[in-house]
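Quick heads-up: structures coming right below.
Both complexes shown next keep chain A, but they swap its partner, so chain B is in the first and chain C is in the second.
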Partner chain A sequence: MKFKSWKDLPEGAIVRDVPTSPEFKTGDWKSRTPKYIPEKCTHDLLCWLYCPDSAIHVKDGKIEKFDLDYCKGCGICASICPQDAIEMVEEEV
Partner chain B sequence: MKTKAFIKHALTGNEAAAYAMKQINPDVVAAYPITPATEIVQIFSKYVSNGEVTTEFVPVESEHSAMSVCVGASASGARVMTATASQGLALMHEILYIAASLRLPIVMVVGNRALSGPINIHCDHSDAMGSRDSGWIQMFCENANEVYHTVIMAVKIAEKVNLPCMVGMDGFIITHGMEVIETIDDEEVKRFISKRTPLYSVLDIEKPITIGPLDLFDWYFEHKRSQLEGMLQAKKVIPEVVEEYNQRFGTNFPAFLETYRMDDAEFAIISMSSAAGTMKEAIDIKREEGLKVGLLRIKTTRPFPYEILREKTKGLKAIGIMDRAESWSTMGGPLSIEVKSALYPLDKRPFAIDFVFGLGGREFPIEDAFKIIDITRKLSEGEEFPEFVHIGLKE
Partner chain C sequence: MKKKILSLKELSERTYGLASGHRACAGCPFPSIVKMILGSSDYPVVVANATGCLEVVTTIFPYTAWPVPWIHSAFENVAATISGVETAFKALQNKGVMPADRKVNFVAFGGDGGTYDIGLQSLSGAMERRHNFLYVLYDNQAYMNTGIQRSSATPFGAHTTTSPAGKVIPGKVQHRKDITEIVAAHDIPYAAQASPSHWGDLIRKARRAFEIEGPKFIAVISPCVPGWGYDESESIELARLAVETCFWPLYEIDNGIYKLNYKPKNKLPVKVWLEKQARFKHLLDKPELIDEIQNKIDEKWKKLLWLDGKKVED
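And then the complex of A and B:
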């Protein structure tokens, strides 16, 4: 629900339309972006396991995509990857 | 319909509060003992052990935890009560704001006591005044009988407006002073308070919600404005509930402000809590001597009854405001500051002076009440005084 004024807010500052976290795009403050190199990837899924923001999507046991709406650019995926299949690149401004 | 089926008991303020809590039979009570309010929950825990109430009693390790448990329980839709005083209230401070902003109608009895330091266990209002702006409804009772009835009314008021409510009584003077209390029947209490209809419940899995979310510069301001709506609503609901109570039980309690011998008064004393009782006696005596003095006893300070004060002080030459707390503003105690700002927009305002008295349980004998009346009278005749004076201080 979209609010226009204080009058629209539920009392007690509660949030009714849960879950609301998908609407909160937390990825907009990253300064580096993971660049995925599929040729090197063995799909051990360590990055998927370690990503603190569940920004790596897996389908049928394989890396599907990096969801940049929620990726905060921490680089954990790149550092954990034994194949160097993820590279952190500077965000273009 | 009046049911004047009072049962008389000799009870202290603490006992009266505990007795009211027994009749209310809240779903949850979480508390930590502190002088002079310890007895309230001590007695209540006996009711729990004896099976006289069905309350879930949670003895916690601190007042911060006590209020936190109250918040959690109340957010589940339960009827929740607690009691504290002084340092205990201070330790709850952080959670008081959360209870109010979550719109949880917790009712808490406060045995008003001085704050450290130096350490002092006796009466003044610095504890409750410290939580003035926490978003709680705040009421102060003159005697133990009023405490008993106010606790019952507070449950209904709080639950109607979804705001927490503090019921204050002067530490030791009322908490430990024995009086004749006129109680109403258990069934009558139940009928009056009926059942709580919560705004929401965190246990309602059919309607999942998030409570206490992060709320930054985009909506926090709007949420605070929305919270104010509860306090504005309380201004209507408090008189309604008090009126309903008075009607039903033939009592005569004020909602916001009690007027005493104000009819032809030329000047008035504005007071709160037990000191008002002493002041009434002093006013009776001074009236016999021909002084046209009256009393305005403020019962409810949040929401603050500024419109009523404007109305009731109309035509007065002077007011003497009594503060049992310091504000450190160097312009007197908190009550006087609020009373004076309430009257500021008027074209014709009475002269005003603040009396800071009774800190840390310093006694308030009738001679001091005479002194207050005398100074206020002189002020009404044009004599000049400082912004505030101390009464009962070793000068």
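And then the complex of A and C:
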């Protein structure tokens, strides 16, 4: 990777077309993976609210998908879910 | 009339919070706090950020996780920075560059280091000058970003790298200062304490703050996985227990009137909260120190029960 010189950087280090962080995947941090059980889900959206990585997508008030490209495997979603509709599964090495 | 509380469905239609790909530790609860604050605003939001975990992990150049205009200048001056932004906006309105009826909410985020300690003077100044902004403190109770050094938000007895528990001292030997009361002493229109675990309360407080003109302050407890020492899935549970033990009472001071927003049915002993955290594990065989922490909590709780519903000057 070739680093840019200061002359190539935008003035004031202003980043436009935000957010740009999705270019950086954080999914490989995890050692456990959430397993979503749709039959148990009541779509109360608590997992969406508390997912620190915005890795749970919601569409029209319903859970749409878990984005494992960014999920860091913290397990807050599984621990917060009153319906036990999410289980954390240890990744095999 | 505008709705005071939003359902999570409504919140999800307004914001997704910070974008994915930020580098906060797994299980860090502050992205949820940001989500609730940003989603609570009915108008576009401009954010200033003090140096700290939140700033560092969300804006590693050229990446940024913020979906809104965002500025950082230094550790000690986030309140001065947002004052400048707010004043510049007003000046543009006065010059006719910006439509006079455009509404924008200005929000400053600071950690406990940037609020209790390093940024206190700029916060005090901005409140005294009566700038129109909301200051959100995410309080993780030490300098976590630089490797867990004590701050004036660190509770009594907590182990940090600069208040190490051992033969000489049992963790931090001083009690934390009461930032919400210090801020409220500036006689600002709105100051409150909230917790991410009680999301309805936090959203209501943010929405209440946004409808008031002038300086507003919300202190939000933000448990820290490496700093407090607990399993990363338990961040929200730790915030909830801080409320249930009355270590972190949920209250607000709205135009001088105190209001206790949540009274636990069974006030849990603080030990329940302490024993879940590695930073307090050396206290478990020292009941006299736990008693000291408990007494401090009870004192404050008693005071709040008395103040509940009263005006400051009553």
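In this text, the second predicted complex is superposed on the first by the 72 of 93 C-alpha atoms of A that agree within 3 Å, B and C clash if a C-alpha of one lies under 4 Å from a C-alpha of the other, contacts with A are read in each partner's own complex, and residues count from 1 in each chain.
Please note the rule applied: a residue touches a chain if its C-beta (ideal position, glycine included) is under 8 Å from a C-beta of that chain, and two chains touch if they have at least 3 such contacts.
What you are looking at is a predicted structure, and each value in this text was computed from that prediction instead of being measured.
Peer 1: Quick check on the superposed pair: does A:T42 touch chain B, chain C, both, or neither? Answer first, second, both or neither.
Peer 2: neither
Peer 1: Identify the partner contact of A:W6: answer first if only chain B is touched, second if only chain C is, both if each is, neither if none is.
Peer 2: first
Peer 1: Chain A residues in contact: does chain B have more, or chain C?
Peer 2: With both complexes superposed on chain A, more residues of chain A are touched by C.
Peer 1: Examine A:A55 and indicate which partner it touches, taking first as chain B and second as chain C; both and neither are also allowed.
Peer 2: In the superposition, A:A55 touches chain C alone.
Peer 1: So, does A:A78 touch the first partner chain B, the second partner chain C, both, or neither?
Peer 2: Touch status of A:A78: second partner only.
Peer 1: Which chain A residues lie in the overlap of the chain B contact set and the chain C contact set?
Peer 2: The overlap between the chain B and chain C interfaces on chain A comprises residues 13, 15, 18, 20.
Peer 1: Which residues, counting only chain C, touch chain A once they are in their complex?
Peer 2: Result: residues 8-9, 11-13, 16-32, 35-36, 58-68, 70, 196, 199, 231-237 of chain C touch chain A.
Peer 1: For chain A, which residues count as touching chain C in their complex?
Peer 2: That would be residues 13, 15, 18-26, 29-30, 44-46, 48-55, 58, 61, 67, 69-70, 72-76, 78-80, 88 of chain A.
Peer 1: Quick one: in the complex, what on chain B touches chain A?
Peer 2: 101-104, 162, 199-200, 207-213, 215, 219, 221-223, 225-227, 229-230
Peer 1: Given the complex with chain B, which residues does chain A contribute to the contact?
Peer 2: Contact set of chain A toward chain B: 3, 5-7, 9-16, 18, 20.
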